[in-house]
Amino acid sequence: MQMNEYKPLIVAFCCNWCSYAGADLAGNNRLSYPADVKIIRVPCSCRVNPMFILRAFQKGADGVIICGCHPGDCHYTSGNYYTRRRMALLFSMLEFLGIERERTRVEWVSAAEGAKFAETMNDFAETVAALGENKRLEDLRCKK
Amino acid sequence: MQNKKELQKEQILRMSGVNPRKCMRCGKCSGTCPSYDEMEYHPHQFVYMVETGDLEPLMNSDSLYKCLSCFACVDRCPRNVEPAKLIEALRLTVIREKGKNHLKSDDIPALLDDEMPQQAIVSAMRKYSK
Amino acid sequence: MQRIGVFVCHCGTNIAGTVDVKAVAEALKFEPGVVVSTDYQYMCSQAGQEMIKEAIIENKLTGIVVCSCSPRMHEATFRKTAAAAGLNPYMVEIANIREQCSWVHKDIPTGTEKAIILGKAAIAKVNLNAPLTPGESPVTKRALVIGGGIAGIQTALDIADAGFPVDIVETKPTIGGKMAQLDKTFPTLDCAACILTPKMVDVATNDKIRIFSYSEVSEVNGFVGNFDVTIKRRARYVKEDICTGCGLCTEKCPQKKVPNEFNLNMDNRRAIYIPFAQAVPKVATIDPESCTMLKTGKCGVCSKVCTVGAIDYNAKDEFITEKYGAIVVATGFNPISMDKFDEYAYSQSKDVITSLELERLMNAAGPTGGTLLRPSDGEHPHTIVFVQCVGSRCDSCAEKGKEYCSKICCMYTAKHAMLIRDKYPDTDVYVFYIDVRTPGKNFDEFYRRAVEEYGVHYIKGMVGKVSPEGGKLKVRASDLIDGKQLNIDADLVVLAAAIEPDKSARPLATMLTASMDTNDFFTEAHPKLRPVESPTAGVYLSGTCQGPKDIPETVSQAGAAASMVIALLCKDKLTGNPCVAHSDEMMCNGCSTCEKVCPYGAITYIDKEFRMPDRTTKVRRVAQVNEAVCQGCGACTVACMSGAMDLKGFTNKQIFAEVDAICK
Amino acid sequence: MKVNYFPGCTLRTKAKDLDFYARECAKILGIELVELPDWQCCGGVFVTSSDEIASKLSCARALVASRDDNRALVSVCSACHNVIKQTNHAIKNDAKFADAVNRYLAQDEEHSDPYFGETEVLHYLELLRDKVGFDKIREAVKNPLTGKKIAAYYGCLLLRPGKVMAFDDVENPQIMEDFIRALGAEPVIYPARNECCGGYIALEDAASAKKKSDTVSHSAANHGADMIVTACPLCKYNLTKNESPLPVVYFTELLALALGVKENDDAE
Amino acid sequence: MQEITRDVLVNKASELMSAGTVDRVLGWMRGEFDYDITPAVFSTEEELKNNFVWNDFCGANFSKYLIRETQKSENKVLVFLKPCDTYSFNQLLTEHRFDREKVYAVGIPCNGMVDMTEIKKANEAIKAIEESGDSIVVKTLYDGDVTLDRADVLLERCKNCKSKKHVAYDELIGDDGEIIESARFDEVAKLEKMTADERYAFWQNELSRCIRCNACRDICPACTCEKCVFDNPNSGVENKAPADSFEEKMFHIIRAFHVAGRCTDCGECSRVCPQGIPLHLLNRKFISDINEFYGEYQAGSEVGNRAPIVNYTTEDLEPGEAVGRGGIDA
């Protein structure tokens, strides 16, 4: 991979019970992923409001990923099912507005899947890096 | 060769709409088949052999023409596998090949009797010939 | 403005190896609200904690950020530290700079940079933290057990044993459930009645336990620790406290042709009846559907023969309301209907029976007095065919049967086959199976004994059709191993019907706001770690209402459910998780959207009067969160469009602040 | 009540009785059977393979015509009914298949709007049960068949595939028994009533067909029936050809007898 | 022209008022021009007689007005509902937004409403407008009378009318119609067929014209929050006027998301947008996605329906599968 200056900024919302623990496990096993990934802990993926995602983009994030328990394993039984519907609709809408679909992702990562967490983040960071800077949701803001 | 076999299997699955992986090998299809004794390979074997890609012996077997399309296996299968549809797709794959008609129209007069309904003849032609 | 202290942990070299901790502490010093920022070798150590406490007191801190390992590791530790220094424990935030930073990144500049950002995010959040106090609610020290089978009985006995009063609600006239109908139990072959009826007597004589038989739950309100339950006591037309259970009425009743459901309608009972000799409570019940007196007003024989005057033809359904701290669901199962499987001729021949019917035919108290006789002609059957998995393991597209394995059939069939071969050695017994599943202590040994010692013919294959012809049942089946189609002339065919949850479970789940799966089994709070709790706080699961189970498993689950209940009832007050949803009534539309996504039924609506700026009042419907029930998932906060619903500890503003800090 | 009628080839030749009495009885029961002007042979069997299009077009045309007439499509022959019903089901549920069929039909000189399975497909027995009602038939019976013990023979085609045909419970059907009761006779329930007669295998392997037919006719006889009633010419042929111990008649003949349309000639 | 005349409605309203069934009427009133029709509350028969209007410009959907109006008095208010209005009416009832007992709803048939912007596009200095059958006669200062085909100048939502059937009413005037197979998703489909760049350019062009006047929000019968999240200083996204173009996008995306599953596609947002932004396309995108992903759903078709966005099945499609499925190719 060629070295370039551009580093994507990625916000990862992780549910406390599965994915945040998965991220911890990736750490325990020293499985590396780019430092550009910053995790925000939420009790459940269903706590993630579309407004948080848009705000992240507004403030300069290049990619936003939401991680939750696998469907059927939600600590709160049904939270991730709502996440699944909300994000399916939101992502489809963003695409409708011409925003690159690769900038948003939902991934189910269990507390046991440290390796999957690291792989997912590597893959996502690479995908977002290939897209380059997020201009579509950010560009016009006061042209600063 | 391997490739052709894979292709053929895929085509059979597409034609029949059957997913042989749903089979749990209970054998109820064979337990219910009225033509079991006339067959060399039995309904559950059809499903298994298609899944493993072992198509040659099936396509060369007379068992293809022993199925009555009575659909008892389809309705009684607890896994909704529909073996009869799979057998039909195999049979079609064979008879669609040139010169592979199982029943030739020339043979028919000899098989008829006065009472034989038209329905039997057209049905047999559909099942055995292209 | 908050006064925030930042404490950066080295964790030996775990963090300090890849993160320049001093630089982090230095950088965070200038964040808004930060008054002190420092680093230390091991923050979680006694000395580290002391350092934090001193800093809190000395600097009058209102919030702290600890940059250390995962909050899953030490959040609780640092909350306690804060509390010890007089700071609200929820004013603590952790920046995870070990698992999610130092351990996954290679070089110091990268690690340091990220650690600073994570620290800033935590500071931004703690700036918006508010002290939280967990809510408290009292606990009613009484439990309700719904269902009086072995699951309900065991749960009730265990709870009562700990000294708490328990009520059992049972729809049938007696407790005992399915186990009371069984003959022997696997894998020990001891008689079901011999082990069950003493327990039933224990229930009857335990002064902590009340039995509401012939009753059902009609309404549930309230929440964990404080349920209000209305129980409908159906009129049994016999005064329960007066009836001695002498049974004279059940002998004299002229209405003799009522199908006896206890014997699965294979014989008859009277219109006034006691289901079986060891019934608890042992009192008679009049079946209003069949009683001539209740239908036409003419008869009254039972009333005449009753020496204690227990008969009351004017009885009405009664409703009682009681408070409970915990509710245990033990509603059990039933075999599915065989209507959709008539290839086995269940509706065409009396000699095609289900396994539960076979239990009654082999039971000494059953319709044949324990001698195995064909229902059609009362002859001894000489060839018996067992069909496994009837309606179990069906594909959903097949539109009949259930997708799951009913779990108990393999073992009870082995039991039946063994008992028959033992008692009637001249009988040929065939078992058609798809798989024989015997995971359980002494289970496979048991099944092997049926094959090896008792000579039961186990055949891998399924029965395709059963045809009643000439007094025999012609069984057409496949033998997959021999590659043959078999035709067996059987005298009796026994179907291992799939089991399904009792029909009362679905409406009950709605009343309890307890979730169910697509098969109507109750869902557990966590499939592995909280298997006997419903996700709805205060509701526990016992027995087959949660999934197919055999007796030993049911009894262990019943005990586990009881211990959960006892742990709850032992408390005088319940302390909740303070990170719960909260509705801002001024903003709430009362639209009911949040209620729909709440998995716990924690949201209710009230009409509330608001004073308007112009001094008029206005009544609006607004949402209220029951903090004792809310588990804090936050589903409602996103469903709420006005933003009235927010989650304490993870408020919209806090998360926005974290996003902003990270993206800056 | 007007319905479209698809008689089928066999009813024009070997099974004229099945057709004739169906028409005569319909008149009495106030049903107008409008024969489709251009019907073509249904093909005898439904080819289940989804890539087989052309052989299903004759049924599709009959279905389109009935949709355009806004009438249900009725047949008497089990085979015709089965093929038409399965074709309709495939058009309704398989968008790819429907598309292919509609492309073919669009090439017909006179073609109609695309078809998506709107037509109601009924077997004559369903017409009697659901549209006329067995109670009305009971009232119309002039010569009740009292004392006769009749074995209804469903065979395969009326019932299976159960999800498509939706004719009755596949394993425990009642419609013919109810029909027999309406005519004043006593139905005989026997296990082989939904088993196969051997069907078209009569051409390929007569011995095999005989085995199947024997199972059916002997089962009916063993259960004490006087006669077997069927809706399928091929069933009737196989059972009769293989020396059924019982007479085999079409259900329309039985209906005609009870309604007084047909003289009781006691020929069989 | 509408098939029911003004007089029929005035008579009906007067009758109900004098019978004491209602004491107020929600109806339409002339504004500054013939075609500038404004909603009004009539409380006397006199007012009704003088000011009530019913013509091709009575697009306003009154459902939302019922929230405030029913709070004002214990007496019933009469509301006239066109078929599309009844869906909003039901949706608001589903959300418990007003007391059904305080409303007397009269369903009235609708022939579609005329879009004044379309007429203005072609004509200048309009003096008056006359309706006659299928045409509209525009009287202008310079060009004299211009006759337009009514069908050409209907509001977009009326050209693609989804239902002539009333799903709620106490009383119906005229005959009820049917639900219509409309082409209302065609425009969405057309956008979906474009490349991402084209779509981006399209929306950039449209949304950049937004002046955040909030008319779309204020008219929307689904936007009935006591306080909008964008007006609430505690929400973290308070935003009275956009500081940058992102915030416009955020506003419209979030607004569409908040009404997803609740929007009945009444089209009021686009009708009132002074900048002519096709805002209804955002709502329709959500509706068509919901239909495609979770099965057909029409908000407001029945009271008490549970919207797909507050529901789920265990077999739902994954968000990764969702993109590209809503008609958009990879």
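For clarity, chains are labelled A, B, C, D and E in written order, and residue numbers in each chain start from 1.
We take it that a residue touches a chain if its C-beta (ideal position, glycine included) is under 8 Å from a C-beta of that chain, and two chains touch if they have at least 3 such contacts.
All of these numbers come straight from a predicted model, not from anything done at the bench.
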{"item": "Topological distance between chain B and chain E, in contact steps", "value": "2"}
{"item": "Shortest path length from chain A to chain C (each step joins two touching chains)", "value": "1"}
{"item": "Neighbouring chains common to chain B and chain D, by label", "value": "C"}
{"item": "Identity of the most central chain, Cα criterion", "value": "C"}
{"item": "Chain A-chain E separation of Cα centroids, rounded to whole Å", "value": "36"}
{"item": "Centre-to-centre distance between chain E and chain D (centres being mean Cα positions), rounded to whole Å", "value": "53"}
{"item": "Between chain D and chain A, distance of the C-alpha-averaged centres to the nearest whole Å", "value": "60"}
{"item": "Residues of chain C touching at least two other chains", "value": "343, 465, 597, 639, 652, 655-656"}
{"item": "Of all residues in chain B, the ones touching two or more other chains", "value": "72"}
{"item": "Residues of chain E whose C-beta touches two or more other chains", "value": "229, 236-237, 309-311, 314"}
{"item": "Touching pairs - complete list by chain label", "value": "A-C, A-E, B-C, B-D, C-D, C-E"}
{"item": "Chain E-facing residues of chain A, complex", "value": "50-51, 54-55, 57-58, 71-72, 78, 81-82, 84-101, 104-106, 136-138, 140-142"}
{"item": "Chain E to chain A touching residues, read off their complex", "value": "188, 191-192, 196-204, 208, 229, 236-237, 243-247, 249-250, 253-254, 256-257, 260, 282, 285-286, 289-290, 293-294, 308-314, 316-326, 328"}
{"item": "Chain A residues within the chain C interface of the complex", "value": "9, 11, 16, 20-21, 23-24, 26-28, 30-33, 35, 38-44, 46-52, 55-56, 59-61, 73, 75-79, 82, 86, 118"}
{"item": "In the complex with chain B, residue positions of chain D that touch it", "value": "8-10, 13-15, 41, 43-45, 47-52, 55, 77, 79, 156, 159-162, 170-171, 195-196, 198-205, 208, 212, 215, 232-234, 236-237, 240-241"}
{"item": "Of chain E, residues touching chain C in the complex", "value": "71, 94-97, 224-229, 232, 234-237, 258-259, 306-307, 309-311, 314"}
